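In what follows, subunit A forms one complex with subunit B and a second complex with subunit C.
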Partner chain A sequence: MSGRESFLLDGTPVPFAPGETVMQAALAAGHYIPHLCYHRDFKPHGSCKVCTVRAGGQTVASCTLPAQPGLEVESATPELEDNRRTLVQMLFVEGNHFCPSCEKSGNCLLQAVAYELGVLSADLDHLFPSRPIDASHPDLLLDFNRCILCELCVRASAEVDGKGVFALSGRGIGKHLIVNAESGRLVDTAIAATDKAVDVCPVGVILRKRVGFAVPIGRRRFDVAPVSAQAKGDAPRPPREKERR
Partner chain B sequence: MRVDLETAAAPAGLRRVAIDPVSRVEGHGKVTILLDADDRVHQVRLHIVEFRGFEKFVQGRPFWELPVMVQRLCGICPVSHHLAAAKALDVVVGATRLTPTAEKVRRLMHYGQILQSHALHFFHLASPDLLFGFDSPVEKRNIVGVAAEYPDVARKGVLLRRFGQEVIRVTAGKRIHGTGAIPGGVNKSVAPEERDALLADAYRMIGWSREAVELVKRLHFANVGLYNSFGSFRSNMLSLVAPDGSLDLYHGGLRARDEAGRILFDHAGYQRYWDLITEEVKPWSYMKFPFLRELGAEQGWYKVGPLVRVQNCDQIPTPFADAERREFVDFGGGQPIHATLAYHWARMIEMLFAAEEIKALLHDDDITGNDLVVTGTPQRRGVGVIEAPRGTLIHHYRLNAHDQVMRANLIVSTTHNNQALNHAIRQVAKRYLDGRRLTEGLLNHIEVAIRAFDPCLSCATHALGRMPLAVDLVDAAGDTIGRLRRDGDGGCVDAAAAGRKDGP
Partner chain C sequence: MTQSAPGRLRVATTSLAGCFGCHMSFLDIDERLFELAQHVVLDRTPLTDIKRCGPCDVGLVEGGVCNAENVHVLREFRRNCRVLVAVGACAINGGLPAQRNHLDLGTCLQEVYLTEPGLARGCMPDDPELPLPLDKVHPLHEVVKVDYFLPGCPPPAEAIWSFLADVVAGREPRVPRELIRYD
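== the complex of A and B ==
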């Protein structure tokens, strides 16, 4: 460990292995950088921008920033935290996120990150888009109201499940999640309830039917500990563990 | 004495007085009174002026969200909506019989709710009127005034409520808006340490509830003429009763009695409640008016809630509460008690029953079991009925083949009591306001009558979209020259048309 090279995250040395990003190394060392679209099992693509840091005079997504020896990275600055809060608030108002009746509440990464960042209100006008749910599949439900466009399901379905069930369509504010079926309905895709794409959704879009509120309050993921205290759990798995999967 | 003050014969030229908002009740409502130049009362109406919309916005949602979603109807008795929805969805998932753990944990949650809601109502909302007098100084007529003059009463009221909320937290996960009941069962049982913590207080709560019954009796007997006559009116009565006729606030069959106490129907299954109960709309209120179909709108309206339940049952299955029930029934001298202020007395008997039930359930090992959920053959329609603190609560859902809610109908306790509430305030207006110069204290008499029912006005207004509506066409002289009524499907019908015969 002592022989490993390191960079500085908010002044604290963080060791890294060759090829690791700033996000991966930080999480492995137990340092939390807020993030939504990053997932340890998938190649980062830096789209949500919540993990943005300042490094080398630039503002960059830490999930795609290669760790370099001696690099000075600023993450927990008031300005960056403000920007993150705004990004999260924009996601809340762009969709329809009704946490009080959402079965993902307590297990939802968007909600956990919002709590972590101290988001107490939207501070922006809600857009209240009309996004009907897709309940056509017998075992699965799509609630598009809660989509944050992280593309984790897109990546999981293509890379792990080998099915390519999901994609994003449209641009800008019109961008939205679609499924790969002529009818546009989930029931006509190749998805199965055991797919990685189902498990990977960080919010309440892709849901197994009839599960609902089976996990009591107090035992949900973020009841146990706030997201920042679970950084190590989001760190990349050691190669051997990955192979066993 | 029946007083018909619903619609003034000649409203032109009458002076309008409004109590807006009605205070110390849940939700927002107002009372309007039309008076002539001599202060004679010509019209009295309780209006529900807020708007909720739950029946509309649950449409399209997956059914398993409902128990958590619909409890947001109310901040006072969310557990009642939570459980009524869960009971309807037990039918949907084919859970014809819950596991002993699931049923008893739900019962514990419900009696925690009854205890906290009844304590809140009596001590925080109603006791200032009863302890200080209906026209006592308004500055004093609140829980702070009670705490100053009767600190022991106020303290016990607050702690009784807190205990009930603790029972809810242990069974539902949170004191308010928890997630404990799920279709087919519950998502948690009670841990032994949680049970022990509740048991440490349970016996004291029974003692304090007995004191509360004594207090309300003392108040009633101290002014028996007033308490027996104030806002009193005769009506039919409706509640659930257990198969053996016992008081059961969680489950049972519907029993209705007429104003003399004769049984109209008994142990009626509620899955087709619309064969027994239907609703009419009036042009001046967002709240519908339910009535017993067999008797029609004029004769079939009824009241629900503690005053009814304590008399509608044959016995209460806990000893202290049953002794109090017998004394209450004896006080009626063989006739049903219809005194509006006797709601308070009956409510405290129920609070005592809830405290005793909680204690008994805490001693039952089933509440710590692990067998939580059952399912069976799925159904597309489910009705759940429960006796909420304020009375009978009906939740009714229809689903499509994809597990989405297509239609919801909720008939809440305060809606059942709509006509009764209006009758009570008309009696009071006629007796106390007619021909007198109005004062704040006199107007509070109207509110005292409303508060006796513990109405929840926010729960009572939940429709949106194609809400049933009645429209009157009135000419310049104030005469009604036409009326249209829109039913729940959006179709316009003549006002005289009866409700649909087959189920929604």
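== the complex of A and C ==
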């Protein structure tokens, strides 16, 4: 750590490497900043706004904020935590998130972040949208009800899988996930169950068939430890480790 | 447990559009029920079979709001309970019954009672005592002001105990984070 430059996160010095964002450096040092659309393997996107912090007199997404020496960053303040809770609650009422019947429960980032923020209820009127599922693919199920528009599958399918299977369409409250096929159905795309796009979905939208309960509820990632205790797992990996995969 | 006793909290419970799973989880506090009985008197609840809710300190409501009777009972609880608690997934977000919300109610009823294959002689239930179903199933907080939420399907017995123990001790109830579960 010696010799490296650092910024202050809630008063604690956090060292960073040149080019790192506040989020990347914080996670690498084991400090958790709540986030949904950030993923260590992808270029930061800054769209979910859950990771918003205050720095230099501005509120800004920490996943896209370049770390600078001496920068003072506030994250765990009551006001910012309140804003994060509201953002998460809005996601819950915009879709149909019925955890007791979701096979992603316990491995779901939206649920884990909500637990972390102490969300006990959505506290807003539920929209109960009608979003039919797509079960056309023999190995995969698409349940649009749970989409949080993080665009991780869009990015993974385009940048890693080279297939461009997913996209977002529409604006504002009408924005939704679509499948890039003339029929609009997943079976008519080149997607495979081994694709990064499948792996990267943080919620229960893109699901592999026939493995849903291989790990029982109660023994899943966020059943074992809260998301805040797993910050380092979300930190950027050293380039060598990335190449090995 | 129903005799009024000074100094004891009066508690009512009910299940609206729920499965009684939350009540079962409440009973899962096991032998601590005896301790609770030292501090609590039960008012309207399926455990006493009292039909009307009187003035209470705490109302625990399981299930969402799916028909006119649910609205009536929920309002009765709100009028009478100093502290109203939404217990479980259905009370908090509509839960399983709300999975019908994207379907047309008329079509649902027709399919179940008239056109479902295997029905010998289908007919639409029309007994005047049957409460009319609502167009959509609603969480409690969309109908009345809710003071506290205990999530889970059902909430762990420990969460229910922790909540009641806080109320009995006169503390602000707070669900410990490790007991927050939605599944």
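Operating definition for what follows: the second predicted complex is superposed on the first by the 244 of 245 C-alpha atoms of A that agree within 3 Å, B and C clash if a C-alpha of one lies under 4 Å from a C-alpha of the other, contacts with A are read in each partner's own complex, and residues count from 1 in each chain.
In this text, a residue touches a chain if its C-beta (ideal position, glycine included) is under 8 Å from a C-beta of that chain, and two chains touch if they have at least 3 such contacts.
Treat the numbers as computed from the prediction; the structure is a model and nothing was measured.
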Tell me which partner A:128 touches in the superposition: subunit B (first), subunit C (second), both or neither. second
A:136 contacts which: subunit B (first), subunit C (second), both, neither? first
For A:211, using the defined touch cut-off, is the partner it touches subunit B, subunit C, both, or neither? Pick first, second, both or neither. first
Touch check for A:118: first (subunit B), second (subunit C), both, or neither? second
Greater subunit A contact set [subunit C / subunit B]: C
First (subunit B), second (subunit C), both or neither touched by A:226: second
Subunit B versus subunit C as contact partner of A:92, first or second or both or neither: second
Classify the contacts of A:101 with the two partner chains as first (subunit B alone), second (subunit C alone), both, or neither. both
Can you list the residues of subunit A that meet both subunit B and subunit C? 100-102, 217
Residue numbers of subunit A touching subunit C in their complex, please. 92, 96-102, 105-106, 111, 114-116, 118-123, 125-126, 128-131, 217, 226
Subunit B contacts subunit A in the complex at 60-62, 64-65, 67-69, 72, 93, 172-174, 177-180, 182-183, 187-188, 373, 402-404
State the interface residues of subunit C toward subunit A in the complex, per the touch definition above. 86, 89, 92-96, 98-99, 101-102, 136, 138-139, 141-142, 146, 148-151, 153, 175, 177, 180-183
Which part of subunit A faces subunit B closely enough to touch in the complex? 100-103, 132-133, 135-136, 141, 207, 209-218
